[in-house]
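The first chain written gets the first letter, and so on, giving A, B, C, D and E; residue counts start at 1 in each chain.
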Amino acid sequence: MEILTLAAKIGAYALMTGVLLFALGVVALRNLFHSALCLAAALIGIAGLYLFFRADFLAAVQILLYVGAVMTVIIFAIMLTEHLSGKTTIQHNRQSLPAFLGIAALVTVIAKVILQTPWPVTQKALGAHTSVEGIGTALMTVYVFPFEVISVVLIAALIGAVIIAKRENPS
Amino acid sequence: MTLIPVEHVLIFSLLLFAIGLYGTLTRRNIIGILISIELMLNAANINLVVFAKTTSLSPETGQVFAVFVIAIAAVTVAVGLAIVLALYRSRKTIFADEVHLLKW
Amino acid sequence: MGPVESLKYFIPELIILCGAFGAFLLDFAVRNKRAVGIFSLFVMAAAAFAMKNPAGETLSLFYGFFHLDVFAHWFRIFALIAVSVTLMLAMDYPPLKNRYEGEFYGLFLFMAFALITVAAANNLLMIFLAVEFVSLLSYLLTGFLKHDPKAKEAAVKYLLFGSVCSGIMLYGISLLYGAAGSIELGHVWQTLRSPSMSALGTVGVLCFFAGLGFKISMAPFHMWAPDVYEGAPTPVTAFLTVGPKALGFAVFTRVLITVFSPSFAHWGVVLTALSMLTMTIGNLTAISQTNIKRFFAYSSIAQAGYILMGLAVFSPLGQNAVMIYLFAYLFTNLGAFAVVCLVEGASGKSNISDYAGLSERSPATAFFMTVFLLSLTGIPPLAGFIGKYYVFAAAIEGKAIALAVVAAVNSAVAAYYYFRIIRVMYLVPKAETQPTFGTSPLYPKIVLWLMSAGVVTLGLFPGYFIKLLFG
Amino acid sequence: MTSHLLSWITFTPLIGAFVLLCLPKRAHDWIRWIALATTAITAGLVCLAFPLFRASESGFQLVERAMWIPQFNIQYLLGMDGISFPMVFLTALISIMACLGSLAHIRVKGGREKEYYFLFLLLETGIMGTFLALDLFLFYIFWEVVLVPMYFLIGIWGGPRKEYAAIKFFLYTLAGSLFMLLGILAVYFGSEPRTFDMTLLASMKYGLVFQKIVFLAFFLGFAIKVPIFPFHTWLPDAHVEAPTPISVILAGVLLKMGTYGFLRFSYPLFPDAARWFQPAMGVLAVIGIIYGGFVALAQTDFKKMVAYSSVSHMGFVLLGLAAMNADGFRGALLQMFSHGTITGGLFLLVGVLYDRAHTRDLNDFGGLGEKMPVYAGILIFFSLASLGLPGLSGFVSEFLTLLGSFQYSKLMTGLAAIGILLAATYLLYMIQRILLGKLNPKWSSLPDINYLELSTLVPLMIFILGIGLYPKIILDYMIPTLDGLLKTMGGAV
Amino acid sequence: MVTADRIFLIPLLPFAAFVVNILFGARFLKHRAAWLSILTSIAACVIALPVCFEVFGGARFANDFAWLRINDGVLRFGYLVDPLSASLLFMVVIVGTLIQIYASGYMQGDPRYSRFFAYVSLFMSAMLTLVISNNFILFFMAWEIMGLCSYLLIGFYFQKESAAKACFKAFLTTRLGDVGFLIGVLMLFLALGTFDFSEINRALALGDHGALPLSFLATSAIFIFCGTIGKSAQFPLHVWLPDAMEGPTPVSALIHAATMVAAGVFLVARSFTIFMAVPETMPVVTTIGCITAFMAAFIALTQTDIKRILAYSTISQLGYMVTALGMQGLGAGTFHLITHAFFKALLFLGAGSVIHGTHVQDIRQMGGLFKKMPHTAVTFIIASLALAGVPPLSGFWSKDEILLTAFASGHTLVFWILLLTAFMTAFYMFRLVFITFFGKARDPHVHAHESPAVMTLPLWGLVLGAVLLGIPGSPLMHHWFQQFLAHAIHHPEYHPSAFVMTCSVIAAVGGITLAGIIYMKNTHWAESIAKRFRPLYRLSFNKFYLDEIYSKFIIRPFTALGEVLYRFDAKVIDGSVNGVGAGAMWLGAVKNWIDKYIVDGLVNFMGTLTCFLNSIVKRLQTGFVQNYLLIAFLGFLAFIIWELKLV
């Protein structure tokens, strides 16, 4: 058990490190396609973390919706605009330095705040296990209204997206 | 979740958020910016999931929230890419610093 | 309240939703797309007819995810007015002709629904969801005119800025949720009261401000607004300056009032600073604008600054001030945009210089515009003055003298640029090349009359409105 | 009609304005006559107040009260006393004269008569309301209502730099009045129970610090309107650019709104602060008097000279107010009235000349006394009234003011006396340059003043002369109220 | 309450004439305007003279009505006819009427004939009001209206540049004194709480100086005296009177010789009790009077314009009167005032007649007029003799009284100066007489003729006064006049002195003789004397350069100050406000916004600052969305840092 725990712990930290590295790749790589691949990897890593947190349902959603659907769309878009995403073009603008400094400051500040805060961790929450079933029930009962709203959002947004993405055809 | 202190995960998600934010501020390519935004949303999602397992009063809340966030993220990407494609068609660019007809 | 019992209170929203789908269907069926617009107007009217003031009691529909109280009620009325007026403006907006006009109306009905959910949102999840809903629809509507490169640029900027801001907001929400263990605003409030949580509360709430600040175009999250307002189709701009902004304020008010009771008054300092910054930046930049839509964008930023005054003082009076101001602003700004639409319809352009000699080309239009501009300036007895009076009163009551003085100076500056338009209309002779006004289209004209009636009535009999809104 | 007399007085011009709005644009004659008739009816209504107004009482009379915005305890509250009555009368008088003056003038200025008279009547409503409102909120509304028509009247029908002058006027006064609004709100929230009702507020006591701050806020609003040095720079521009009838209204009535505000609001509400600021006000008054005089002396533009003379003369009003004693107040209020008639007349005379010669450059004229003897006589009359010649109303008011201020500060009075001297200098210098000397051949065909123009001036002359010879007729209306005011301020009558 | 009262009619009748003449004169009355004025004047005479005689007989008239409420009291307007005002009233109605009759002839044919008489009537009305007024305010009002009439009448020929300038100068200079007068009156009111003459006299007689110190009263007296300095053309404000001769000659006679200028002296007489209450002010009065008397006479020696010589003579004589009052010689001063009014009016009318007959004013162009204008010449010479102080004409008696006062009250220096002045007076008057009426006609272009009877008759009327009016004040009638005045206001009296009389006669005769020698016999002497005493001559001829000094040191700085302040106004006050940001302006943005906003639109504080900030803020809006994001982010960060109190 000790070893398993240790292994799980090391695995989790390794996973986090990996996600961070891929995330760096997302923002730092010149080739946008590579970035997208990095993103996919990072998202999968995050799904792994979800598993580690015993959020199985979410891990599944993450893989299916994100890696499956969203990434496909992104890569499709990258392909469409490929010649602009090539290596030759400068991929970063000139405000890297102020952005970096600002973000460093932000990270310092917020990290400090996070470490200061006495997170009210409860045994109940630690011990609780949420099954896929439980989440499904919740979505259909308590969260039925947001669920319906999000479906309306999906419909409305997709109709809109289709109209926008269509070629201009004066009818 | 008993294994790792919640703060560590939070720092991790903070870094992820920061990286994403950096990407949005520095990436020229609009698709790149959208990708970076995904990182930010994921960072928040990690928080939600972690809190669901540590501090939440009811266990589902965080996870359900995260599911909604994923859905919204997907819609955002869809809408975003639709707009980017439309822009690409008419302006032949997808670089954020090349669209500045509107200013001052 | 469970979903089934909730439905009978949810009829207006259902009407709108069904109307939206109906509009898309109707779009397939009819050739004259104007019919869709009229249908949409009827839907709005039906919804408005079905709405009932919960009058005092609070209805927690759908397990509290749709929080219907007087406050939410008036904001949904607000949303209905904003959307209906936009529909009317859009129906006589030439660039929209033959460009998915039917879908446009449908999307706007969805927008009405989205706004209502915002008004009724009472927890972190619904706030995020509803605000995102409104945002996504706004991005789409901004970029709706695909042939217009400016519109697309606007949409892209809007999208990018908005997504980043909501990312930040979401991050803040997640932290707040973690701290409280709940998404209920009441719980969050309870948690943040403990001193050990104050730092986290600060970060969380400021992240929250980023998302909401973006919606209400509060400095420093305002910079998207001018570009988007200039680029978007004019009816959409008209809508964007009031609809999402007002609902942003609704959420803001709800969050601040429920989360921060007066014990959180130190937030007042931040809000005061933000308010001053917002109005000052808006006013300073508005002075040199040459495009009327961009001009109104900056003006709306400045107006947001004044409205923030009401929030900054954390008092019931301030809260009421926000609402009254928003209603005054609704009538005024939509009226002004009706004129913008008319002029654009006649000349195809929206530069301030196109307003030269408007008082001779179309005296009525110029007169209405003057009324609206005076109202924006805050000249009594028009609605804008009542709004200004309210926020000033709130500031003075809260002893926020500095804020009041800054606002007063700002109002004087604002007068200058509002009068610039009046000057152009009345004092600058018309150029030879400018087209004469034909007969103005019907719907914007109706809007003009209705809005000016609103402006004048609210200005002359504010007591009636106050009683209506706050009992 | 007499039961709501004050409302009728206030809103009759507005009714007229809307009647005008309904007329077709081309019906010029109708428009003119309806406008004129409206001002005349208003004046008639004001005259109706004479038998109803009991001059010997100091309180508000003919009060009309109705709840307007109950949530803020805002009332529609009108009332008249010995301070506002003369001002209302002056407004009615000057409005008729200005309307008469417009008949010819605006036609010359290129039409748009419908808009012009509409705004003109709107302006009159605003002014009347300002002088009659007793609820601070209502007062503020009327105060602001005055601004907008003024902006258009200067901006559309003004001289070459009209736009500049109009916006400058507007911004200056708006900035001032916004501070006043803050002050009004402070008073409201400082009162218990909360109210805007002047009659109740005056009986409340406030702390000195509060008083000082709020007094300053009001001061800013009023000072810009008066205008008190150094807030006066809008005035020459506005006066010079405005069309003649509007200059008349501006100088004749509008400036009085500022000093009226002091008497009506600042003093009764904040007596302690008023005493504290007394020296400052006195100094500003003296600076205004001397400064305005000197600057008027240096003018070559006729209208600008008259405009600066207003700065100087309004300084006397302020000096009387600063004296805070019976004579000072009487002098100030009388000076408000007489300055209204005198300067109004002077601006009309400037207009008469300008309409003929199309220039106002003093150095360009000369010897007109020969060509236009009647005009010359009237110009001399008004100039003399302005410089305080005994027998004309200017003297009585200046004398009372000086008498009052002398009891307050001998030095200030002595310095103010320099202003009298300066007035004589610049006015006579003006007369010398316009009327005396050799006739500039350019003007050899100028016609003398005509009957229409004469009709705008003669009534003013009658008032100037009447008050100058027997000031009791008007002072009897003012004195009880002013004495009452002084008593509430804690001073001896 | 106003009671119907004939004395109120005295000033009101001429006022009615004024109203009618100014309104209807030009169109309806035309030359009949004169008759209206004269008739009302005569009517005033008819009312006033009985009143005067009643007062001479010991009566006293007063009446008033409430005019204005001041402070908690009432200012009452009304009349007071006491010995002092009765004597003045007597003089004014007679002289005034005669001069108006004369003027009706003199002004014949003038296009603005009715205007002239309107003004003169107004003047008469004001002067009469002044004389019988019962308080300082009414007095001041009348005083100012006289100033106005003086202004209007000096500028009667306003087409002449010099006349336009002269009236301006006259009004302003006297106004300077008037302002002082007003301040003095206000101070007096503060001290005594009343404006009423009777009440003031009563209070002071009881030794009640009010709450304020006596020095305050003294200051007030000095300020009141300022009025005299201005109105009666005393040094240093005398410069306006010679220029005032631009007006028609009857005006010079009426206003600038007989009545208005004497009002200043009357003012001192009116407020005599005040001066008596603070005797330390008296030397000021004496000194001013004395300087004036001497200086004006000295200037008159070299002048060549007939009216200017008379003007300086007037100034000099007014100085005499003021000196007398300063030495507490109320009787002497007032006596001289009355007599002087008659013979000086006569002199002016005579001069007017000469001008009317010759159409020139420079005495060097005249000569030998005696034969051509006998009436004028004879009356003129009689008046000159009176002025020179030749017994038994009126001037002798009054002047003698003044010299006596000076001598007897111990003002020895004053006495000698006055004596010297008397000598000079005799000299310059007869220089004038000899040059004008005797010798040969110097200018062939001048064709003199005698004036019509309407003008010469008043001359003779005045001669009567000039000759006879010395009697009531002379030892022959035991100084009846002085004693009469002393009833009202007590003042010291002196016994006649043979020494003084002798000196006086010697000075007069000496002056005449010297003038005769120089101008009748040895005409070349004049020039050689002038050459020998060049500096003195220049000083006299250029009137002590006072005009130049005033112009350089007072008027120009005054107007310059106006200019400077105006520029200050336009540039600094307006600009202060524009220029606040000016120092720190930003590169190319500067010109851009100056042109665009300042010139175009709003030039004030808000404007400048606003436009300046606008140029900065606006530049943040680059159009690059990521710039926006960065700014928003940095702002967000700043707020976090601020709110966490990290700074």
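In the analysis below, a residue touches a chain if its C-beta (ideal position, glycine included) is under 8 Å from a C-beta of that chain, and two chains touch if they have at least 3 such contacts.
Keep in mind it's a predicted model, so treat the numbers as computed, not measured.
*Asks:* By label order, what chains touch chain A and chain B together?
*Replies:* In this structure, the chains that contact chain B and also chain A are C, E.
*Asks:* Hey, which chain is the most central one here, using CA centres?
*Replies:* Checking distances from each chain centre to the full centroid gives D.
*Asks:* If we define chain centres by averaging CA atoms, which chain lands farthest from chain D? Would you check?
*Replies:* Here the answer is chain A, farthest from chain D.
*Asks:* Could you tell me which chain lies farthest from chain E when each chain's centre is the average position of its Cα atoms?
*Replies:* A
*Asks:* Based on C-beta pairs in contact, work out which chain pair has the most and send it over.
*Replies:* Ranked by C-beta contact count, first place goes to A-B.
*Asks:* State, to the nearest whole Å, the distance from the C-alpha centre of chain D to the C-alpha centre of chain E.
*Replies:* Spacing between the chain centres: roughly 35 Å.
*Asks:* How many Å are there between the centre of chain C and the centre of chain E, using C-alpha atoms for each centre?
*Replies:* 76
*Asks:* Express in whole angstrom the distance between the two chain centres, defined as the mean CA positions of chain C and chain D.
*Replies:* Computed value for the inter-centroid distance: 43 Å.
*Asks:* Return the distance between the CA-based centres of chain A and chain C, expressed in whole Å.
*Replies:* 31
*Asks:* Note the residues in chain E that touch 2 or more other chains, in rising order.
*Replies:* 601-602, 606, 618, 621, 623-627, 629-630, 633-634, 640, 644
*Asks:* Could you list which residues of chain A touch at least two other chains?
*Replies:* Residue numbers touching two or more other chains: 93, 95, 99, 106, 109-110, 113-114, 119-120, 122, 125, 142-143, 146, 150, 153, 157, 160-161, 164, 168.
*Asks:* Where does chain B touch two or more other chains at once, residue-wise?
*Replies:* 10, 20-21, 24-26, 33-34, 45, 50, 54-57, 64, 68, 72, 75, 79, 83-84, 86, 96-97, 99-104
*Asks:* Which pairs of chains touch each other in this structure?
*Replies:* Once each pair is checked, the touching ones are A-B, A-C, A-E, B-C, B-E, C-D, C-E, D-E.
*Asks:* Would you mind writing out the residues of chain B in touch with chain E in their complex?
*Replies:* 21, 24-26, 33, 96-97, 99-104
*Asks:* If you look only at chain E, which of its residues touch chain A in the complex?
*Replies:* 624, 626-627, 630, 633-634, 637, 640-641, 644, 646
*Asks:* So in the complex, which bits of chain E are touching chain D?
*Replies:* Residues in contact with chain D: 22, 26, 66-72, 112, 115, 137, 140-145, 148, 151-152, 155, 158-159, 161, 163-165, 167-168, 171-172, 175-176, 179, 182-183, 186-187, 189-190, 558-559, 561-563, 565-566, 569, 573-574, 601-604, 606.
*Asks:* Would you pull the chain C residues touching chain A in the complex into a rising list?
*Replies:* Against chain A, the touching part of chain C is residues 3, 17, 20, 24, 61-63, 65-66, 98-100, 103, 106-107, 110, 113-114, 117, 125-126, 129-130, 132-133, 136-137, 140-141, 143-144, 146-147, 155, 175, 178-179, 181, 191, 196-197, 199-200, 202-203.
*Asks:* In the complex, go through chain E and note every residue touching chain C.
*Replies:* Residue positions touching the partner: 596-597, 601-602, 606-607, 610-611, 613-615, 617-618, 620-621, 623, 625-629, 631-632, 634-636, 639-640, 642-644.
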